[in-house]
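Before anything else, here is the set of structures, which you'll find just below.
Here chain A shows up in two complexes: once beside chain B, once beside chain C.
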Partner chain A sequence: MEAFKDKQDSNKWSNREGLKGWLNPTRYGWERLSYWLMRLTGLFLLLYFVGHVYETSNLVGGLDAWNAMLELTQTTYGHIFLILVIGTSTFHSINGIRLIFAETARGLGKPGRPDYPYEAGSLNNIQRSGIWVALILAAAAMLYGSSVLFGGE
Partner chain B sequence: MKKKFLLARDTSEINLPRASDDTSDIVLNIYRGGPNQKPENSYDSYRVPVSRWTTVLDALIYAKERLDSSVAIRYSCRMASCGSCGMKINGIPRLACYTKISELGTHTITCEPLPNFPLIRDLVTDFQEFFDHHKKIQPYIQNLHPDPSIDKLSEFEQTPQQVDEFLQFSYCIKCGLCYSACPTVATDTKFPGPQALAQAYRYFADSRDDAVEKRLSIVDDKHGIWRCHFAGSCSKVCPKGVDPALGIQMLRSHMMSITKKPKKRLAELRETSREGS
Partner chain C sequence: MAGNVQNTRRKFMRESTVMKIHYVTGLAALLTVAVHVMMRVITPFSMSLEYENVVANYQNILYSLLLESILILVSIHGFNGLRVMLLELRQDARWEKFVMLFTLTAMLVVIGYGTRTIIIVSG
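Then we have the complex of A and B:
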């Protein structure tokens, strides 16, 4: 019986979505999009952090080495990268604050008796507003950053 | 009937099995796969007549009864009570009996097995792992210290407010849609999933239950409740309004406050729970 069960188990096809399960943000609404952006911006900021540590470590190479490194950020691509840093850090911060409140059950509503069509209380306008505010502020910060970085050229 | 293995969206030039000359036909693409079927990731397409109130399950049953009896589907109540007919319909986990063709707004319906569940055949998946997670959180009322002043044969009394604390979460039909939609479940096999965690809150919030710390010690794990990142997809797909995301955040909120209590006690309970299992 055990051998039969093992054979059955080995025959079953694993159907786990894996990474592609969370890489597609379009299927489940704003909250899933926010989840996706939070991860994406987090990874980007992690890369930026590593690069930033490398950049500042050039200080020990003297003033010339430091200036050469700074010149990299004064190119068009350098500016675009910095604008992305501004946008991602703004979104990650604002959405992170929303999540701190949400994950401690603030702004989610209270349990009740669900009525058709069963709209989830936790996916309410407070949460969506938080996501929109994070997106709008990130866009505004990127626009301001663009005007500062590219405005002088 | 000779099967044609097709890609889901590549149905335009295929000579489909035709059920009738009804002008409101739809193309029903059904995932075909199983241990002994090749090629992988293939779909069979059927033309099925539909009316205004036809559900996806109605269309599947039509296809199975009249066009191809080898299609494997699982269903029972046909009224969103048993949770048997969960599947991915046009990319989103839904109950086939609860999804009207008309509400999908397309004439091409693609049915696939629920993601994150091992596939048995076609649209039938294995729920064993899902039920194991559910059992692990001890989904039953535990009350070791009932009030001795109450007659043993009488029921536990609760106020309407106390019932409202957990009633929403007790509507779960264990259909697995939330488990299927959860991005954490997609990458972590040890994560209990939204259903089990919401049920942990359901018993936590029940005034009749006194196994609070014991149950919390089960979900307080690095693969447990802390792996939820509030993507909200579980609540989005729930067909019964259970809102697992709310339950999980409520439970997590209580757990954060419980850390004020001695952590040693929680560690002891966790150890006892492991020995017991």
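Then we have the complex of A and C:
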């Protein structure tokens, strides 16, 4: 057990690229792009969520505190930020549903003998179309958000 | 091998159960946030953010419950997602314990802070 633990400790940092590997865009296919965007949008949305909880806590301070906070967000940059929130949340939601299907083995294709050129049955058009749908719907949601936020209503 | 089995047993929850919770909270958050966004969109955007309008929303008990649900669901989903990402970058017992404690504490702080706002404004 001790020997196993020592070996584990000595290998702790070997053969791992860490954050550098995670951000390296040179080996990206659609699936890896989706993996990367899922994490990036998730982090962004978590930061937005924490900021939103803090932002809305200004309600406790009364009308003046609320209006002062609104002034900060109701700017062109504030609106662009909100449009990004709309786009990222749409992509994260749709791609998340695709991942639930993948996790429960729906739309993955049948397993087969690995023949050259070794195309994985799991990375098929059904799964890929989920990524495209997520990207297209995110763009559409951002367009709608832009029309509401910059529409001057 | 025996050590690994022992380690697995010592865990608070199986990873597969945690991921099921992750998916369920994600889907539930999607539905509740959709209702929350609809509440903003059914009135003109500039009007929907007026102080009186927002406070009136909070004082509706059903809407307060919806906000509390969103707060809990998104916090669980978001901080578990962060835990998964951090564990992908590095794996060892100390790091796993630190990440677990950090995300759990952050989640409880955000839920506590948001609940405070909901209770005060709706009261």
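We adopt the following convention: the second predicted complex is superposed on the first by the 134 of 153 C-alpha atoms of A that agree within 3 Å, B and C clash if a C-alpha of one lies under 4 Å from a C-alpha of the other, contacts with A are read in each partner's own complex, and residues count from 1 in each chain.
We adopt the following convention: a residue touches a chain if its C-beta (ideal position, glycine included) is under 8 Å from a C-beta of that chain, and two chains touch if they have at least 3 such contacts.
The shown structure was predicted, so the numbers you read here are calculated from the model rather than taken from an experiment.
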Taking the superposition as given, does A:L70 touch the first partner, chain B, the second, chain C, both, or neither? second
In the superposed arrangement, does A:S93 touch chain B (first), chain C (second), both or neither? second
Could you tell me if A:S147 is touching chain B, chain C, both of them or neither one (first, second, both, neither)? neither
Identify the partner contact of A:V60: answer first if only chain B is touched, second if only chain C is, both if each is, neither if none is. second
Counting only touches as set out at the top, which of chain B and chain C does A:E103 meet: first, second, both, neither? both
Kindly classify A:L45 by the partners it touches after superposition: chain B alone (first), chain C alone (second), both, or neither? second
In the superposed arrangement, which partner chain does A:L19 touch: chain B (first), chain C (second), both, or neither? both
Looking at the overlay, does A:R113 come into contact with chain B only (first), chain C only (second), both, or neither? first
Check whether A:G29 is in contact with chain B, with chain C, with both or with neither, and answer first, second, both or neither. first
Both chain B and chain C touch chain A at residues 12, 16, 18-19, 22, 103
Footprint of chain C on chain A - complex, ascending: 1, 4, 8-9, 12, 16, 18-19, 22, 39, 42-43, 45-46, 49-50, 53-54, 56-57, 59-60, 63, 66-67, 70, 74, 89, 93, 96-97, 100, 103, 148-149, 153
Show which residues of chain A lie in contact with chain B when the two form their complex. 11-19, 21-22, 27-29, 31-32, 34-35, 38, 99, 102-105, 108-109, 111-116, 118-123, 127
Residue numbers of chain C touching chain A in their complex, please. 2-3, 19, 23, 26-27, 30, 33, 41, 44-46, 49, 51, 54-55, 58, 71, 74-75, 78-79, 81-82, 85, 88-90, 92, 110, 113-114, 116-117, 120-121
Residues of chain B defined as touching chain A within the complex: 33-35, 91-92, 113-120, 125-126, 164-169, 171, 181, 183, 185-187, 189, 205, 228-233, 235-243, 245-247, 249-250, 252-253, 256
